[in-house]
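Note that the chains are named A, B, C and D in the order they appear, and that numbering of residues resets to 1 at the start of each chain.
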Amino acid sequence: MISIVVSTNRQEATSEKVALYYQILLKAQNADSQLINLIDLPTDFIFTALYNNAGKNERFNLIQQAIIDTEKFVFIVPEYNGSFPGVLKAFIDGLPYPSPFKDKKIALVGLSSGIQGGALALSHLSDIFAYLNANVLGTRVKLMQIEKNLVDGKITNDFYNQLLNDQVKKLVAF
Amino acid sequence: MISIVVSTNRQEATSEKVALYYQILLKAQNADSQLINLIDLPTDFIFTALYNNAGKNERFNLIQQAIIDTEKFVFIVPEYNGSFPGVLKAFIDGLPYPSPFKDKKIALVGLSSGIQGGALALSHLSDIFAYLNANVLGTRVKLMQIEKNLVDGKITNDFYNQLLNDQVKKLVAF
Amino acid sequence: MISIVVSTNRQEATSEKVALYYQILLKAQNADSQLINLIDLPTDFIFTALYNNAGKNERFNLIQQAIIDTEKFVFIVPEYNGSFPGVLKAFIDGLPYPSPFKDKKIALVGLSSGIQGGALALSHLSDIFAYLNANVLGTRVKLMQIEKNLVDGKITNDFYNQLLNDQVKKLVAF
Amino acid sequence: MISIVVSTNRQEATSEKVALYYQILLKAQNADSQLINLIDLPTDFIFTALYNNAGKNERFNLIQQAIIDTEKFVFIVPEYNGSFPGVLKAFIDGLPYPSPFKDKKIALVGLSSGIQGGALALSHLSDIFAYLNANVLGTRVKLMQIEKNLVDGKITNDFYNQLLNDQVKKLVAF
């Protein structure tokens, strides 16, 4: 079971659409998957589930358990202010120590409205996962100008589909 | 007026103590300063002050206004999971566009319990501030094993004090 | 006097053309400049001018002196293998300690044939200059698909010219 | 066969000593290995083996062939000026396209005289290897103050040995 993490808590996020599309690509490779969507986090979790309150928020713990129970992940990461969404890092900050990502396998997909495709977001995130001793697949996929290339929930850009399918196969074999 | 940003919402954070100490060092250079402490953020701001709700949370707006009104900043940044606290980036994600940091001047201080001193945290943060067209002072101060070197609110390590005083003078002149 | 550094030793480099164009933009702001071109480095400098041989290569020392004598720099940085050219870092590794970049002012321009515009190259380079206590202008210019946008030595893309002129003005005032 | 890359061309480099020690640790796990030492590069390779001269330098090609023939690597990376040695990146810049590192497996060890342990060096290098579609083991080992902790070719610090042995086992199983 692969978990696809929608790495933002924004309503009707493009990341969620891309996550659902990624699920179809995984299915075509006979790989089961589930979504973990940060929009499901408790609205006050950065105060009620972190630091001295770690472990005390039941709704946070449910999502945390899904992370603990997963061995392989894809993070769909929109670029906000030149990096990943703060909420994603705050979520990671709420997870227990030692990290549930330790020795697990992770693929990264960056999305941007502009032309960067989240290059720095994925670089920063790779540093964090390395710190947590998780193995990040070398092949990082960066999808720039995502809104132009996503129609009715499908990526319409052939090159993007090639990049995604290549990553999907590598992740399944990782 | 220089704003010293306590870059975490943790209770009784070491960052707050270092911020207060930094204020004394600024005072010695005849520079006025104020603290902006992320613990004062509304507990649910990542849902009530971001995206479609940008600008709608009065308490968030107060802190945002302090950012808008400041030309020079010091960010005291504890290392969480190999980078900056997620809450700091979530706060930045809630600020208006164009960024209130545009063309402003920023100094960075990293803190860690371990030996890294927040090297990657400050690197990631520099990328974000560059994206927002803010000028980050080249001299980044990294204070590792901070708990051992902070007694009764005072940095006791001579080398750390030298680094901090050097940065303070550069920031005042920046 | 601003030094424009052509950050590669490739023959007929696009970076050199962009450097000459940047010189025109600086001239329009009444700022004098000179080129420092890494193609002028001795072919064996990575062995004859580094480590125990530091300071012993006269031709290297000439270029080094130009760095020492300059207060403001622009680095024109082509993207090679997802970062800056190795020769640029090898050149920096040959410079004396303390660094001649200490407390100086630097602007960064990234070039790429592909779509990234050297985002990671400039991020890595900013870390290095911060380590050397140099101040890097927040506004990093990234010019992707540079070959399509440079005709007869002139940048033809209006948006790129806007970014460059904005940076030029900031650098002059930095 | 695992290749251990001494990532500098400095004479009597500490990196070479650590590489030889790493070889002993690999041997204890029944893993054969060889050293690839950048000191063996032609002194003028940055001009005679790159760009239009790619493939034309026989001595460079020999080392390149060792990279092509290897599936798993450890890079021993000393920290120079806050990042990896420029010569390492220049070497990578001379390798053919598509990269001989594509889909291969890489572990990273950072060394420093100071306290950083090459944290940024390994971060930058991870970005480059990701660009080349190589898979970098999440567990990055950072050995600070290396001279104090290496006696007669042996790492004497128990914690460092624990980190190295943990990485060795993970690399063998990667």
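Just so we're on the same page, contacts are C-beta pairs under 8 Å (C-beta built on N, C-alpha and C of every residue); 3 or more make two chains touch, one makes a residue touch a chain.
All of these numbers come straight from a predicted model, not from anything done at the bench.
Q: Tell me, which chains sit next to both chain A and chain D?
A: Expected: B, C.
Q: A-B versus B-D: which has more C-beta pairs touching?
A: Result: the pair with more contacts is A-B.
Q: Report back the single chain whose CA centre is most distant from the CA centre of chain B.
A: It is D whose centre lies farthest from that of chain B.
Q: How many angstrom lie between the CA centroids of chain B and chain D, rounded to a whole number?
A: Going by mean C-alpha positions, chain B sits 35 Å from chain D.
Q: List the centre-to-centre spacing of chain A and chain B in whole Å, with centres computed as mean CA coordinates.
A: Chain A and chain B have C-alpha centres separated by 27 Å.
Q: By residue number and range, which residues of chain C touch two or more other chains?
A: In chain C, 120, 123, 127, 130, 132 touch at least two other chains.
Q: Sort out for me which residues of chain C touch chain A in the complex.
A: 115-117, 119-120, 123, 142, 144
Q: Help me check something: in the complex, which residues belonging to chain A touch chain D?
A: 103, 122-123, 126-127, 129-130, 132-140, 170, 174
Q: Sort out for me which residues of chain D touch chain C in the complex.
A: Touch list, chain D to chain C: 9-11, 43-44, 46-48, 50-52, 80-93, 99, 120, 124, 127-128, 130-132.
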